[in-house]
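The next part holds the structures, each set out as structure tokens.
Both complexes below contain chain A, partnered by chain B and then by chain C.
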Partner chain A sequence: MALFEFWILLTACLAAATCALTGSFLVLRKQAMLGDAISHAILPGIAIAFLLTASRNTFPMLIGAGAFGLLTVYATEKLQEKGRLKSDSSMGVIFTTLFAIGVIIVTAFASQVDLDQECILYGEIAYVPWDIWFFNGINMGPRPVWILGFVCAINLAFVVSCYKELKIYAFDRQLAVSLGLPVIFIHYGLMSSVLFSTIASFESVGAILVVALIVVPPATAYMLTQKLSLMLAGSVIIGVVSAISGYYLAVATNSSIAGAIAVMTGIFFFLAVFLSPSEGVLIRKWRARAGEKEPGETPESLKTGSLSV
Partner chain B sequence: MQKHESVTTIPPVEVHDLTVSYQNKPVLWDIDFTLPGASLTAVVGPNGAGKSTLIKAIMGLVEPVSGYSLIYGKPLEQMRKKIAYVPQRESVDWNFPINVFDVVLMGRYAHLKLFRRPGKGDREIAEDALRKVGMLEYRNRQIAQLSGGQQQRVFLARALAQQAEIYFMDEPFAGVDASTEEHILKLLRELRATGKTVIVVHHDLQTVSDYFDQVMLLNLRLVAFGDMKTTFTAENLQKAYGGRLNILSQVIELSRKAEFVREEGHE
Partner chain C sequence: MNDFITEFILLGDPNIRWVLSGSVLFGLAAGALGCFAILRERALVGDAVAHAILPGVCLAFIFTGDKDPFALLIGSVIFGWVSLVVMDYIVRNTKLSSDTAIGMVLSVFFGLGVVLLTYIQSTGNVNQSGLDAFLFGSAASMLPEDVKLFGMVSILVLLALVFLFKELKLVSFDPGYASVIGYPMKRMEFLIATLMVVTITAGLQAVGVVLMASMLIIPAAAARYWTDSLLAMLIIAAAAGAFSAIFGAAVSYGVPSMPTGPWMVVSCAIFFTISYFFAPVRGEYRRKRQRRLLKKKITGENLLKVFYKLYEMDDNRQKGRTISDLVKRRNMKPGELKKSLQHLVKNKWLNHYSGNPEAWTLTDAGFDEAKRVVRLHRLWELYLTQKLDLEGDHVHDDAESMEHMITPELEAQLIAILNNPERDPHQRVIPGQNGSNIAEGGK
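Let's look at the complex of A and B:
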């Protein structure tokens, strides 16, 4: 394996793991589309930072993106509380408006901005090996690997240290409040984790793949297991396997790496739908034909299986 | 006389001038009451009367516009461990990847420090709670595979595991099977016998007087609150349910008569 290949694969795997950890909780809280909203709504922040600094400096871009990401989360919640809109509609209103503002900025200042729609949608993971971070003149390797590695480590630390709080918050927020758990801290911790995972991954893999990595591997793991810890581990593994197989699919077909990775997450999801040992379509058919039900399994649970996700 | 008593013993729940509104529409208006200890209280009223909201406001789950509530004379934040809440079954996603035992163990989290995991003692308490609701053999079952009544019992076990002094329950009898109803009823009486205070939102007017010893009639305002015998009257029901009561009181009358006839028939 050539070195540049190694860096691309490592970037993709780190992005997959980062997004899977935080995405699992979004999927469980039925807020999966928050990743979508954030990945689009941060565009004006990136564009403004770009215009102001006239460079591809990571730090101002992170601040700009972070500010608009927080604005999205906050405005969505407020709109839901004060207005009569449901969360999906208020999210849709906020992120499309912000994204459109970003598009206007990018196109209006296109002559000064070296930033195009393609890079926003598909990312530029193929160029990662040449985006080197020099520290005191020493070649430290690709910059995105460091950023993603850092965010991934923070996510992992957050999930491991606050596991029981996150679990109860995701399952029953009212109980978490009534038990006196630090719900505000957990909520904004999770939102920041989504925000930084999205921003860190966005640059390398683009808006579409960020959404795919946040939603699809956790949804796949959800189909395969009924234990939260296994779902978390499973979504990371599925994300990483999708990233690796997607890369080689892209090489074999000479196509977009980000696109191929997203396709692989989709393929794994549909495999899980059919082959899941507990909820899969095949096992249900087989069970129905054999005329046997799992002992004690109620007909209700068969009807409301996870297929309705 | 009663007032004299309440001076010496601190009441478990006090609510004063409580008003709650959603989007500028009041759902609870100037609610004021003091609950006696070791009692079973039913909260009764028509749909949209603010029954669930009352519980949520006392639990701090909704922000009141004005007024306050006290738990054993202190603000809620200091007394969280003293209260347990059984929400409506529909309030959570039963497809969540978790098993029965882990849900019940969540009841112990108020007693754990941040970042700590439940220990052996917590597990024993959770097992005990499951045994009390007759669900111990389901401990490893996925919650998605439970019937409605079993889900309700898991929620009750979780509240028991909190080892609280005051229990708020939001429609625990709604849509459960006869066996679960028996279990819940037995449990309510055990709780009262051990000096706990239980407040239950209840929808079935026919069973109110059999199951509870205090009743609170609610319809935006507090219509009446007190002992079952003196408070659960046609007049108060009329006030709480308004025009709809005619039918309702007839239902109650009929059900009482029906019981009479049945008893007479047996003799």
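Let's look at the complex of A and C:
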């Protein structure tokens, strides 16, 4: 494996793991589309940060993206509450508008901004190996790897340290409130984790793959297990496997890496939907058929029963 | 700039006529159809369908090797349909919720589209240039034959909305009732889904797939603030969609590097913001104003009650009441109290007392109004104790809020139910309309 290949794979795997950890909770909380909304709505923040600093400096970008991410979450909630819109409509109004503004900024300043319309959608993971971070003149390796690794570590720390609270919160918010858990803290912790994961992944893998990595591997893992710990581990593994297989699919077909990874997550998802040993469509069909046979068998048991009476 | 005016605004350029008519027809159809998506809580389904048609577009291109509009139409309708079926299948057959299904379909189908798109680009087919205009839309790239086909599609959608308006309305607002009275719900669902897929396809070149959903969501959500009638909402949303199409096409024509879709979305968003604040029916400004007026009315009515109670205590209507008299009976902020006094004087319910400008008396009209409020308060207290068996000392707070809401019709009903009562649960006289109490006034 060439070195650049290693860096691309490592970036993709880190993005997959980061998104899977936080995405699992969004899927359980039925807020999967929040990842979609945030990943689109942070674009103007990133574009403005690029414009103002005229560089790909990470820190201003994080601030810009973070501000617009928070704006999205806040505005969606406010519009829902004060504007009396349904949550999906208010989310749709906010994030599509912000995304459109982002695309306009990027197009208008295309010469100054090192971003184009396509990289917004697909990201530019193929260029990751050349985006080197020099610390005191020492080559530290690609910058996105550091950022994603850092966010991934934060996510992991958050999930491990608040595991019990997150678990109750994810399955039964009312119970969490009545148990006196710091629900507000958990909610905002989770939102920030979504925000950080999205921002860190957006630049390298693009808006669409962020959505795929947040929603699909956790949904796949959820089809395979009922246990939260297994679901978290499973979604990370599925995300990483999708990332690696997607990369080779993209190389084989000479196409977009982000797109191919999204396709692979989808393939694993459908495999799980049909073949999951606990609740796959096939096993349920098979069980239903086995269940149909039972009436043929029950007369036997009824007979023995009636004999004893 | 002069070229822009003669060619775009005066439609001097024949190509502009095509571009504009195509975009406007799509804007009309998307705005109107979006109302049903919003009302049926399917706003983000449109987002997923719009993203999911990208592989259809790419496959159509791969098979025909050209941007033949009819093939693109077929390809995108098929994929739009498949995406709807997949979402429905996941929600029906797994424990996953609909938002997960939407996110899954959106990202995976779009990922497939991106793979196909980049694959086509890597093959170096000369016809492929401009295929990526389907991502964000490019009005400038519309050709007359595209407009003919996609414009026809929009017209069909609009006709379907006009002729099936009654059915769609019923299905959207009360699906349970619709199925009970024998509507073919499956066929209606199929129809609405098809209309959505087809509309999205019609906007392919104008908006692009990425921002398509906003053309379904934003005009309809904005129109909701202007009216409570579905028909009016459809018309307003369609008009907003059409206007944004003109706006987007104008920008894209003036600055060819600009994609059309984002500008359409931005103009929709501006309309949404205006609607949110200033729309006459449900806008924020009007609601704030109504709330303020209601608060003013309630404060005034409460103050009149205080005057009436003071009158009850000394039976002297002519005596001027000072601020300290009033505050003793009811705790009010001084600023609020002064404002309310001014408001009541302006309404000719209070007079300045002739002896003291810092004291007030009730006018005849004010006395009647005060009696009305006190009457409603005591009637409601009596109703709660007699008919709902509440304790007498528990009913005051409830009556405090109800007294401002009871209509004359309700008042007549209360009097009838309570048999022209004379006294409230605290044995105070219920003042009638004319005489000293209801029993006299009623007879």
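One rule holds in what follows: the second predicted complex is superposed on the first by the 291 of 309 C-alpha atoms of A that agree within 3 Å, B and C clash if a C-alpha of one lies under 4 Å from a C-alpha of the other, contacts with A are read in each partner's own complex, and residues count from 1 in each chain.
Here is the rule we go by: a contact is a pair of C-beta atoms (placed from the backbone, for glycine too) under 8 Å apart; a residue touches a chain by one contact, two chains touch by 3 or more.
Computed from a predicted model, the values in this text were never measured in an experiment.
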Could you say whether A:M191 touches chain B, chain C, both of them, or neither, answering first, second, both or neither?
-> neither
Would you mind checking which one, chain B or chain C, touches more residues on chain A?
-> C
What is the contact status of A:V151 with respect to chain B (first) and chain C (second): first, second, both, or neither?
-> neither
Does the superposition put A:L179 against chain B (first), chain C (second), both, or neither?
-> first
With the two structures laid over each other on chain A, which partner does A:C162 touch: chain B (first), chain C (second), both, or neither?
-> first
Touched partner set for A:A170, first chain B, second chain C, both or neither = first
Regarding the shared-chain residue A:D88, is it in contact with chain B (first), chain C (second), both, or neither?
-> second
Examine A:Y122 and indicate which partner it touches, taking first as chain B and second as chain C; both and neither are also allowed.
-> second
After lining up the shared chain so the two structures overlap, which partner does A:V236 touch, if you call chain B first and chain C second: first, second, both or neither?
-> neither
Touching A:K227, do we find chain B (first), chain C (second), both, or neither?
-> first
Both chain B and chain C touch chain A at residues 30, 82, 84, 222
Can you check the complex and tell me which residues of chain B touch chain A?
-> 23, 56, 59-61, 77, 80-81, 83-85, 87, 91-99, 102-103, 106, 109-110, 112, 114-115, 117-118, 141-142, 144-147, 158, 162
As the complex stands, chain A meets chain B at residues 28, 30, 82, 84, 161-162, 164-165, 167-168, 170-172, 174-175, 177-182, 222, 225-228, 230-231, 296-298, 300-301, 304-306
Chain A touches which residues of chain C in the complex?
-> 38, 41-44, 47, 51, 90, 93-97, 99-100, 102-104, 106-119, 122, 132, 135-136, 210-211, 213-214, 217-218, 221, 224, 257-259, 261-263, 265-266, 268-269, 272, 276, 282, 284
Okay, in this complex, where on chain A does chain C touch?
-> 27, 30-33, 35-36, 82-86, 88-93, 96-97, 99-101, 103-104, 107-108, 110, 117-118, 121-122, 208-209, 211-212, 214-216, 219, 222-223, 249-250, 253-256, 258-263, 265-266, 269, 273, 279, 281, 284
